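Please find the structures below.
In what comes next, subunit A is part of two complexes: it sits with subunit B in the first one and with subunit C in the second one.
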Partner chain A sequence: MTEDLQPARSPSGGVLVDARLSLLDRQMLDVDGVTVGVVDDLELSDVPAVLERGTPPPSVLALVHGPIVLERIFGGKRPHGQLLRFGWDTVAKLGSAVELAAPASELPRPWLETWLRERVIARLPGGRHVPG
Partner chain B sequence: MYLAELVDAPVLQAGSRIGHVVDVRLFVPRHTEGQRVGTPEVFGVVVCPRRTGSFLGFERTDARAPALLAAFFRWRARGSFLVLWDDLAAVSKDAVELRPEAMRWSPALA
Partner chain C sequence: MKKIFAVALGILTAIGGFLDIGDIVTNAVVGSRFGWSLAWVVVVGVAGICVFAHMAGKVAAVSGRATFELIRERLGPRMALANLSASFFINLLTLTAEVGGIALALQLASSVNYLLWVPVAAFAVWLVVWRVGFELMENVTGLIGLLLIGFAVAFFLLGPDWGELGRQAAQLMPTQESPATYWFYAVALFGAALTPYEVFFFSSGAVEEGWSVKDLGQSRLNVLVGFPLGGFLSLAIAGCAALALLPIGVEVGTLSQVVLPVAEAGGTLLLVAIILGIVAATFGAALETTLSAGYTLAQFFGWTWGKSKAPAQAARFHTTMIVCLVIGLGVLATGVDPVMVTEVSVVFSAVALPLTYLPILIVANDPDYMGEHVNSRALNVAGQAYFGLILVAAVAAVPLMIVTGVGQ
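For the complex of A and B:
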């Protein structure tokens, strides 16, 4: 690290975090502490390709969870339908995990899990209720 | 736009490659109307002359131990710097371009 550089003046009324350090690969927990996935990426608002001075910075729209490890290595973009978006308004707390303010049942589920539940599990005897 | 398009992207200034984006620094306001955690905005990008991957937390000013590891990671990240959003001239998935007069700030995270 370059020690002789001056620190930038940080804005008041908030904190600075590094996205890769503090958000990527963190577990996401629902309101009951149940794991609902890992932060694989962040969706940012779009900005023009060429930036004029004073262009507002992009903001974080959503946490993204999905099988994107291949895209991280080789590039490209997975279709939006295969990614789960957790809007930033559901985030309740940032810490060693990202805590969400909704129960897992109200959060997006992986398409394979949804498909299996609706097309396979639901057709099995007793598959439409919790055992008990 | 996705964060993954920015992380590890090459950084250009005056047509020359000067490094890679090693992280994206966000400003998280304490409060945004109707939300529990304020909506983060991009504050700047951390640039390293080499493709080193994450600094693993040793960019924090209070991360000084274990001393040997801290010294190693600081050496590995030598020459890195922070560029604020206003000093970015163009952002695409292929590269991030800095303005010719872009200021370089310490990448240390308080």
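For the complex of A and C:
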């Protein structure tokens, strides 16, 4: 995490960020450096089916984490109920991982993690204690 | 003084941690059938693991990213998932072999059937993963694993005939075995020296222990001194078998035959030391493969992971490891020979190698990640030469396995 991402300036004054290289499939860390997910997809603002001249360009609203990665691999469509959204306004830094400005407790958490923790892992002796 | 102690400890644990059931069994089998005529593979393999472990450790220390995170990021989700499926399966195979190895070693020590030791071993592995701190785990298994130096002691006690060993090492292809068998074991030895889990564990461990750029010197020493010394022990294991078993025509097929030369040369005391060493080395490797199962899956899917967190903070990571140990237990409970599982696991390790190493090689050259620590030209030449070699071994592995009927 020593090197900041140094985005190139585009001729029009915007910033060029290679989404595939620098956003997609990068780990997301909370403010304490704990992994909270991986960028499985990006959510853009509404893109109308027919783009007329003067339609404002879409912008990245959120980083999306969840089973949607399987669609990227295998194609097809699944219900999107289980997707976790990490709003772009929580992004603090783009480096070797995407660093978020909030602690994990304030970020969305997958149900499976919560379920396994409450029902299985935390119930085993020592499950809530740091090893060593 | 404290610093010297830390450096020495790092090197010693690297020696003890280098050997696992794959190295022990494959080297003994090869020694009993080919003498030292495959010694060159051990040398080439050790140099290879030094190059790649060093690179993976450097990438982890500088960028804070473990190997499978990079695999997904660089190869994309599709290739990474294919990679994950292969690596995870092979790691599970290795995990099963290591747990079986602990049980076989305990059977040697106790005369109690290994099948009764399998659940004990698996439970003990889980307990350590669950409750013991990372550093303590590494240091204890690594230091007790040093008892495997007993193989070197036994080697010298057997009074090595250097002329004969040198002749074997120089003569590349022994006449009594077919070329296919020879090359099959060459690939197996190569796979045993360069198992992918070592890199998953090494890089994730570096992240867990919070390595930074200033730890690179220590890491380099551990790898460049510890691993070659571990390689010497591999040669000693093969040498023991070459001296004691090759002349009388015993082909190693069980763990008791692996330690037979040690008992012959050093008596009960040395045998006890070696058995303890094997238990520690396989136990250490069982821990590393169990953790690697969790690391690879968690890093691909972006789960919270880490042995240094309370298990409840990384529930899916810990559940994965429990499930993997239960699967390994189930496989061993069918009565399948753990030595056979080991031999198959090292061959498949060779198949999976390119998938693990290519992303490390790419990222180690990426200045966005590495800044001034990008690979030097010399390291790149070595890294690319080894990548070529790994590719050849990976392609040859399965055909050779089929042609030779797993080295029969």
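Operating definition for what follows: the second predicted complex is superposed on the first by the 99 of 132 C-alpha atoms of A that agree within 3 Å, B and C clash if a C-alpha of one lies under 4 Å from a C-alpha of the other, contacts with A are read in each partner's own complex, and residues count from 1 in each chain.
To be clear about the criterion, a residue touches a chain if its C-beta (ideal position, glycine included) is under 8 Å from a C-beta of that chain, and two chains touch if they have at least 3 such contacts.
None of these values were measured; they are calculated from a predicted model.
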| item | value |
| --- | --- |
| Touched partner set for A:54, first subunit B, second subunit C, both or neither | first |
| Partner chain(s) touched by A:126 [first = subunit B, second = subunit C, both, neither] | second |
| Partner chain(s) touched by A:105 [first = subunit B, second = subunit C, both, neither] | neither |
| Partner with the higher number of touched subunit A residues, subunit C or subunit B | B |
| Contacts of A:73 with subunit B and subunit C, given as first, second, both or neither | second |
| Touched partner set for A:16, first subunit B, second subunit C, both or neither | first |
| Partner chain(s) touched by A:44 [first = subunit B, second = subunit C, both, neither] | first |
| Contact residues common to both interfaces of subunit A (with subunit B and with subunit C) | 1-3, 5-6, 72 |
| Subunit A-touching residues of subunit B, taken from the complex the two chains share | 1-4, 7, 22-30, 34-44, 46, 54-57, 59, 74, 77-82, 84-86, 88-93, 104-110 |
| Residue ranges of subunit A touching subunit C (in the complex, touch as defined) | 1-3, 5-6, 25-28, 33-38, 40, 65, 69, 72-73, 96-97, 104, 112-114, 116-117, 120-122, 124, 126-132 |
| Complex interface listing, subunit C residues touching subunit A | 62-65, 69, 72-73, 76-78, 80-81, 130-136, 213, 298-305, 307-313, 315-316, 318-319, 367-371 |
| Of subunit A, residues touching subunit B in the complex | 1-3, 5-8, 10-11, 13-21, 23-24, 41-47, 49-51, 53-54, 56-60, 64, 68, 71-72, 75, 77, 88-89, 91-94, 101 |
